[in-house]
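These notes are about the structure you will find just below.
As written, the chains take the letters A, B, C and D, and residue 1 is the first residue of each chain.
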Amino acid sequence: MYVAIAGASGYTGAELLRILSRYKDIEINQITSRQYTGKTLKDVFPVFTKSKYENLTFKENLDLSISDIYFLCLPHEASLELVKQLYDNGKIIIDLSAAYRIKKSEVYKEYYGFEHNYPHLLEEAVYGLPEIYRDKIKTAKIVANPGCYPTATLLGLYPLIKNNLLNQNNSVIVNALSGISGAGRHLKEDFMYPESYSNVYAYNITKHRHTPEMEDVIENVSKKKISIRFTPHIIPISRGMLSTINVFIEISKKDLKELYYDTYKNEYFIRLQDRPSRVKEVIGTNFCDIYVDYDEKNKIAVITSAIDNLSKGASSQAVQNLNIILNKPENYCLENLPLFP
Amino acid sequence: MYVAIAGASGYTGAELLRILSRYKDIEINQITSRQYTGKTLKDVFPVFTKSKYENLTFKENLDLSISDIYFLCLPHEASLELVKQLYDNGKIIIDLSAAYRIKKSEVYKEYYGFEHNYPHLLEEAVYGLPEIYRDKIKTAKIVANPGCYPTATLLGLYPLIKNNLLNQNNSVIVNALSGISGAGRHLKEDFMYPESYSNVYAYNITKHRHTPEMEDVIENVSKKKISIRFTPHIIPISRGMLSTINVFIEISKKDLKELYYDTYKNEYFIRLQDRPSRVKEVIGTNFCDIYVDYDEKNKIAVITSAIDNLSKGASSQAVQNLNIILNKPENYCLENLPLFP
Amino acid sequence: MYVAIAGASGYTGAELLRILSRYKDIEINQITSRQYTGKTLKDVFPVFTKSKYENLTFKENLDLSISDIYFLCLPHEASLELVKQLYDNGKIIIDLSAAYRIKKSEVYKEYYGFEHNYPHLLEEAVYGLPEIYRDKIKTAKIVANPGCYPTATLLGLYPLIKNNLLNQNNSVIVNALSGISGAGRHLKEDFMYPESYSNVYAYNITKHRHTPEMEDVIENVSKKKISIRFTPHIIPISRGMLSTINVFIEISKKDLKELYYDTYKNEYFIRLQDRPSRVKEVIGTNFCDIYVDYDEKNKIAVITSAIDNLSKGASSQAVQNLNIILNKPENYCLENLPLFP
Amino acid sequence: MYVAIAGASGYTGAELLRILSRYKDIEINQITSRQYTGKTLKDVFPVFTKSKYENLTFKENLDLSISDIYFLCLPHEASLELVKQLYDNGKIIIDLSAAYRIKKSEVYKEYYGFEHNYPHLLEEAVYGLPEIYRDKIKTAKIVANPGCYPTATLLGLYPLIKNNLLNQNNSVIVNALSGISGAGRHLKEDFMYPESYSNVYAYNITKHRHTPEMEDVIENVSKKKISIRFTPHIIPISRGMLSTINVFIEISKKDLKELYYDTYKNEYFIRLQDRPSRVKEVIGTNFCDIYVDYDEKNKIAVITSAIDNLSKGASSQAVQNLNIILNKPENYCLENLPLFP
């Protein structure tokens, strides 16, 4: 099995390379980067010294034929076209951009600023959240790997969605916190170390691209339109994400906890914790740690869901999808525990 | 004017000393600390070297007669009794504990675990949030200095409260983030540097002491019982706090912004910002930076309010109260800007 | 093979458990902790949820007979006696304390404050730095696992020591920086998150226990007494260590670099880098990244050596020693790359 | 008195503005920034909201005639010419670049890559380290404000330099640690928050521009050529700097401490501490905290010197120089204590 990683010099690309360096039975035979064309992986990232692919050289352009599986870590618009071409070439694509995540093509115009010309491929693409779409992923040709906020939030909500417990009148209010690596490897004063140090703030309060992504999945699963009030925040850590979800719902705390237990009892990567989930305990792993509580006074379920935005929120989830496609154990190469402390 | 600081070796005590070191016309004539009795300020905190009070010695017990104004940075139960005694001695007290913040004495039993035996003094005490209670503070004998979460959240909500725009059916959902100094100087594994590093989590989700404090103030101002859904979180910074507030309300964005502008146009310490408030921009100051936005789709106002939990959330607010009592300009000794970067 | 970990609730114990959770062919059959007796691993560290030993229960006392290999993560004096007893029982011991690291027993009185009553066992013990003592480790009964500062510094100096290029007149000046986890899981105000935040300082400037440990190894290898000027510092990261070493020596830069290349060309865990070693690039791994440069003007070789203080500086090095003893590949279970970013 | 700040949108410019916002008797009448021409201070840095100069507008070009005192926070080559022109216009210049710091003009070619065409002005310029050159600063027309590493290191060495205790055979070995703001506000992947997080490393090991600056001052004061072995490091904090200095010298610890005490007993900004200086205790201030110790075994004095690289290492030192020039108390506007914690 030959594997390509396009856009391998960004954070999600590097994270994929980190994980796949120990993956048996595949061979990464091309990595691309416009910025670092001609340099080896080790030159660009000395951290890869002594690893399997240290001497692999970044190419400028992706060869669409020489690999079997293509991971795309590219801007949305670049993925849009490339997925089409790779699909036509009969390749398996795991796309880490948002280009194929949302079934409603009109959303792209409003939220991403481009026309989506391949609505039939949107139908073909499978949203790569295995805990919801595992069966479809097995035979998918295009896996639209989920965004980080949607991963944390949808997994936090899924037992309610699946059991049809969200209804149009239920308001879902999400406050989410992301480490700065979520912004990608783009140079910006705001993300310079001194300016991010000790800094915390909300952003994109009334319009964030991940809102329609979450609403789309909920509608697809439950056949209901649910509107999410979503406030993302930047916090000064490198990796890690916490989604704190408030859901108006009448239920007993006991039933609520059982619902979560039942939904997730066979899911290796979902860890239901007895105290609010802690971001540190998932960093560098594919775990999603969930805690659920119930505020009797306000009739609100409060759920916290923690992931590593670059791992379960991007690259290790992509590997989980790869495992499903290759019929490997789902935690193959993904068993490591986070560092403590 | 002689000033005492009881419990001066904790974080709020040290922060008071930092600010009052440059305050003219007063003299701190006693500081207490059980742990450091007999040591000088400089011995305990070398950071005070070359400052006015570097050689002041920590005493074990507070002398109730030799000072005019008493700042209490003590556990709630210790304050409970001491305030009573100092009040009987005719002293002015600025109490940084919660012992006199809530008018309903029965709350203390449920949330703090002790019986409040001085309900008449609860009536006498003035809640020390100057932007709401300035006039009463001028002549107060007991100032109950607000908690950090209530300061950030109430200031974020006040234009709505004051204009009677919260009603019982409006749900108010608050997600707040606190730097770790908010936990005080208590030794605990969770707050050791390595374990807090990269860690983020919610805590006390269904019961936090600051919830009744906020609800009590809202009721006192608006004569309405409003229930607040409040989720506090720990984030890995030393100082700083952000309260992100969701309020169900039908209003235009323009009217909402004007309401905030009108309410705060003469308030020096409230800075209405054009982009979501950033914690870094208030650290070490008495500013409260507020941003207000409106989510048309969900009919929810989203307000972010940032303070320094140890400053506007505790000690500099106590100095602001002192300024009011002493009839000084309210920003006396509180004009400094935060560090950037 | 049954394995015991004594003192498993500290940082080095937890790090061992993290690594050994994925180690095949052994079974951890006892973990001890005075503080957490009776609790399961998952109760104490929820981070171990879904891992192999999550339900293992902490015992108060170590059973000296039921395991084959004993990792001791205990205070020095506790190890002193326990190693003796386990040795008499014919067990293999990997001791992470300093109790058996130094051949000269009199050092213990001066630097550790206790009399070392088992000088014959000091002879028996092998200093567990595989890059120097690999052959002896293979058959060792007592492995004295090195301290973190000595690991980083000795590996940085070893090519010079081995080739007899340090002489008594050469001064060796070491400035080392350690993440705060190096102080262990001991509650202290200095190591609380708010007080360590943004803080950096030297400590134990004229007397640090790791100085005689380094000098002892150098003397054992080179038969020369070399005095090291060593200044350790605390820096505000959780894990990671950098040792910057200045050696007065006359040599060409080319020869110097070749010397390092030759010495380490077959060492998997030593990565000679082309730019000064970066702590981030070794965190969570057993790598030691070394950079060497030469200051012609001052005739000083400058070497930087980076490790993770809890991994190569403690627990993963202990596993490397285990691999050697069990005749496994030396990087078994130790192949993972650090997170980037 | 009218004051100009050229290059006011970088870190040192912003720090000057922060301090001078509370400075009486002067009026900042122009600030320049190529990047932000036409925007107000508050637009660019919302942190300045409610401060004196919030509505001051950045200009593209500096007017050489309308101000009395010019602070230059510009690239070295830009300062080179501008200082000349301002000097010819009879203005007072406080230059925060390196363009006029070093008396030997030939150094500029080697270390800065440009020819210094105004050697006579190098003679005219006064190195703005008040603890050494106070008298000359009083009447200086050109103050060459020192670099951050030289400030920390020279103040740590000055008692030895002044008393002629360094000699050519004494080796001076300096290891210094700088917060990332020292790199300025230049966009670079290395200084992005995620990549700097947990990262520590040395850089420019064999050639750093601050080495000849330090050597030049030592030669000017002591008339001796001393070669300094200098290794700078980046540590993951925003602000703060620690210089750890090893000096080969035979002296008693008592004499050494007295020497420092005597030299600095009247210096307000030098705080001799009883334990190794801590960076956190000087952040945001003009203090330089110094600790001195003596290693009897190696005959090495070890001195630690901590400053805030942007304050005493740049902008607050520039204000200290302004105070001297304006005949104000030297700590005017510079009395604030650092935050604790």
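Observations on the structure shown:
Convention: contacts are C-beta pairs under 8 Å (C-beta built on N, C-alpha and C of every residue); 3 or more make two chains touch, one makes a residue touch a chain.
All values reported here derive from a predicted model rather than from experimental measurement.
Chains that count as touching both chain B and chain C, per the definition above, are A, D. Counting C-beta pairs in contact across C-D and across A-C gives the higher total for C-D.
For chain B, the chain with the farthest CA centroid is C. Per-chain CA centroids place chain C at a distance of 39 Å from chain D. Between the CA-based centres of chain A and chain D the separation comes to 45 Å, rounded to the whole angstrom. Taking the mean of the C-alpha atoms as each chain's centre, chain A and chain C sit 37 Å apart. Under the contact definition stated at the top, the residues of chain A that touch 2 or more other chains are 11, 181, 192, 194, 197-198, 236-239, 278, 280, 283, 341. Per the touch definition, chain A reaches chain C in the complex via residues 11, 14-15, 18, 21-22, 45-51, 181, 238-239, 268, 271, 273-275, 278, 280-281, 283-284, 287, 289, 335-341.
Note for the complex: chain B touches chain C at residues 11, 179-181, 185, 187-189, 191-194, 196-198, 236-239. Within the complex formed with chain B, the chain A residues making contact are 171, 173, 175, 177, 192, 194-195, 197-203, 205-206, 227, 229, 231, 233, 235-240, 242, 244, 246, 248, 276-280, 283, 291, 293-298, 300, 302, 304, 306, 341.
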